[in-house]
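For reference, the structure discussed in these notes is given below.
Chains here go by letter, A, B and C, matching the order in which they are written, and residues are numbered from 1 within each.
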Amino acid sequence: MKYLQNFSNLAYPLVRNNPLRSWPKTKNISSRNFFIVLIISFLGCSVFADTLEVCSSCEYTSVSEAIAKAKDGDEVLVKGGVYSEGNILVDKSILLKGIDDPILDGKDQSGLLTITANGVTIEGFVIQNVGTSYLKDRAGIKVDKAKNFIIRNNRLLNTFFGIYLANSSDGLVANNKLVGQAVEEMSSANAIHIWYCKRITVEDNLVRQHRDGIYLEFVDNSLIRRNTSEDNLRYGLHFMFSNNDNYFHNVFRRNGAGVAVMFSKKINMWNNVFEYNWGKASYGLLLKEIYDADIKNNAFRENTIGILVEGSTRINYLQNDFISNGWAIKISGGCLDNVISENNFLSNTFELSLKASVNNNTFDGNFWSDYNGYDLDRDGIGDVPYRPVKLFNYIVNQTPEAMVLLRSLFVDIINFSEKVSPVFTPENVIDNQPAMKQIDNTSESLSLKTH
Amino acid sequence: MFKILKYSFFDLVRSRWTYIYCAFYFLFTLSLLWLSNDLSKVTISLMNVILVLVPLIATMFGIMYYYNSREFTELLLAQPIKRTSIFIGQYFGVALSLSGSLLVGVGVPFLLYGIFGSGQIWNFLTLLMVGVFLSFIFSAIAFFIALKNENRIKGFGLGILVWLFLAVIYDGIFLLLLAVFSDYPIEGFAMGASMFNPIDLSRILILLKLDISALMGYTGAVFQKFLGTSMGMVASITILFAWVALPVWRIKRVALRKDF
Amino acid sequence: MITIQNLHKAFGKNEVLKGIDLNFDKPGITAVLGPNGSGKTTLIKCVLGMVIPNKGCICMEGENIAGKWAYREHLSYLPQIARFPENLTGRELLSMVKDMRNGKASDQGLIKIFDLEPHLDKRLGNLSGGTRQKINLILTFMYDNPVIILDEPTAGLDPVALIHLKDLIEQEKQRGKTILITTHIMSFVEQIADEIVFLLEGKIHFKGSLRALKERFNEVSVEKAIANMMLQQNGKAFAVKDMEPSSAPATEFLESEN
């Protein structure tokens, strides 16, 4: 596979308009495509490609010099050493490859790589010290109006923006490690920032200590998977005005808040872990004004709020695990046609909280660890419906100060009496088919993945 | 006074109630630690039990001890001993043996578990501190009630009433007031009202340590801002001390005027 | 030694002592007698400082005892019912009382007299009433104090122990102590008392020597003299001497108080 990729990279200039190729399918190329790509690559390679080496004793001693001399399809190999050349413009379709971890150092004065050509691959660099700028969007690697790029196996340390993609499409950002030093939101920026892009794949990256881990604004048809985003000041992952995107198998941990999905449509969120997002305004996942999303097989563990929902419609919450959160799901604002089903609610302080009246939502078929009904016909479904909204929950919504009575004997007593004869808790928030046993949401729900 | 304390304490240390009480905490804590590996959850479960049980047991036990040791008290009254020393000594004997049961019953399982190696040590110590304070507060209230009432039924009844008031009814009234005045800024009131009930104050001290303040939103922030500081800690400990001192002072006053 | 002046005590509306004046200045044995509820125990408890009088004063060695406690160092007291902390053993109780008092205690002789050695290491809760009363007596007599107050000392004692008790009281009298006894056993009074104080409804009804009492009521036994005195008080002037001593109402107040 690696062999194949190396060759196919070189082929970009030739294949970029080839309808057979389309990101992010690189890794799933069928055998027929494989041969076509191989043949084209081989041709491209033998006819055009030169290799330009950069090191202190090589023909080229500076990266920008080598790029200036290179032509489309060439390889520029940068060997170990520190290169402080300010911002390097990559305006040709080349492979820019670091060997033995060459360091590009901005000395806190500038961004480092700016890609403006199509079909560029950047790999194997250590990119560091971009420096905060309030005027310019300085970035470790910036891609502007380019297609078919690959950015992989780099380490970006103390960059302001890490990887900044704008007006681009069909790109891959993989296997990078981005570690920032963000202390406050105002003077920090996002690790991977994507703006007005289409068909981008972001996978297997580790992003840490930035403002947002991964930020998408006006980004469509993209895939975010297998990333770990942790210790970021604001969000682990942030969608704004983005549609038809997927994020699978990511871990969001100890961020100001895990993931925010805002003003977006048709987002699939599967098999992610949201954990330890704990703080006064923290939550695992925020949904704000979104439509037609699918939230499946995720694990929400020890978040102040597992999912905070503000006005969302046609959302399916299926087979998720909510473990030890303050609130498992907190819904404020009108929510229509949501399905909350087959989830496990385990030891949450509050399971469900509803601030607004909601209509046409389903809460059936979940497992609630607080449920203590019985199952006489032994079909695995409790014979007594379960009301996930407790009286205290209701009171706290009316009077937030009442939270000081949390875990007092009095609250236990009123919750119990309300359970026996419901008066205040909403009629339509009820699980008519509560599961007797914990539901096995095993399909890679990552719920056992350690931190 | 220390002699009386010594004798009361050793008398109680050998009583089977002390053992039952201690064994209960021991087994309860042990089974919690065994069932759950999450120390902060164990702390919360223990807190729920301690906040309800310690005041109740301290009240009942204090009243029971006073009534049962009437003859002993009369024997002491005929000795050349200051009156107040007798009652204060007995009171401290009861409070210390109750606290001792709690400390041993909860502490030993935690030590076996290896609490010093974990980050939960401060939460655990807060829990123990609060438990000891509640033991002292409610056994003092118990002694005061028993001293005031020769009739045992009346004494026990009043004891249960006081416990019920502080453990449940107080919070009910508190909640009602919060609901009625919810349009006004009432964080100050909420804080004041919960600080003047020792059970509420204890609960909040532990919850803040466990970082539940994040759940409490704005109110939690107000609490954290005050109680989270050393100044707030000093204030809450002062209030807990006052809760011990007030009934003890009343015990002294009543003891001086009472006929036996 | 002990001077009581104008002593009043009421428990709520119930006036128990209505102006008692007494003076115990000579060594000797004074028996405080009276029917149930006449205020005997209250009087004694006032002297001990266990009951706080409403009015009047009690002086010991010329000093008012109100609010004081150190004077009890010179006072031995035998309470009416011997109930002790149940979890202690007799030996611990003895050492505890010794620990709390300063005087020199001589308990070994007393333990021998009452043959208590085998019982001293048992829990007090497991001892019989009589044995506990013996321990009670040891606690009282092991100090050499000038004033001894005994509230129902004979309760629960077997005849042998009773004889030892009488001997003990006699000995203490010989040593010049002031001894106050309340009891309902008239024969006991007759054998040991020098003086009699008779309380009725919170007042002193009679105070004088044993002989004076008998002469006044023209009776040969104290029992009948006392009974007569009570009946006179009740306005029922019939001759008690015709009645059997055991029959009511003359013997009613002889039953032990609770």
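A few remarks follow.
The rule is short, and it goes like this: a residue touches a chain if its C-beta (ideal position, glycine included) is under 8 Å from a C-beta of that chain, and two chains touch if they have at least 3 such contacts.
Just so we're clear, the structure is a prediction, and the values are computed from it rather than from any experiment.
The chains that touch chain B as well as chain C do not exist here; no chain meets both.
A centroid comparison over C-alpha atoms places A as the chain most distant from chain C. Centrality by C-alpha centroid: the chain sitting nearest the overall protein C-alpha mean is B.
Inter-chain centre distance (chain B to chain C, centres taken as mean C-alpha positions): 43 Å. Chain centres here are Cα means. That of chain A falls 91 Å from that of chain C. Distance between chain A and chain B, defined via averaged C-alpha coordinates, is recorded as 48 Å. Touching of two or more other chains is recorded for no residue of chain C.
Across the complex, chain B meets chain C through its residues 3, 7, 11, 14-15, 69-72, 74-83, 256-260. Touching chain B in their complex are the following residues of chain A: 278-280, 282, 304, 324, 326-327, 347, 349, 395, 398-411, 413.
Here chain B touches chain A in the complex through residues 41, 44, 47-48, 51-52, 167-169, 171-172, 174-175, 178-179, 182, 186-187, 190-191, 194, 199-200, 203-204, 207, 211-221, 223, going by the rule given at the top. Contacts from chain C toward chain B in the complex involve residues 9, 11, 45, 48-52, 67, 69-73, 75, 77, 79, 81-85, 87-88, 96-97, 99-102, 139.
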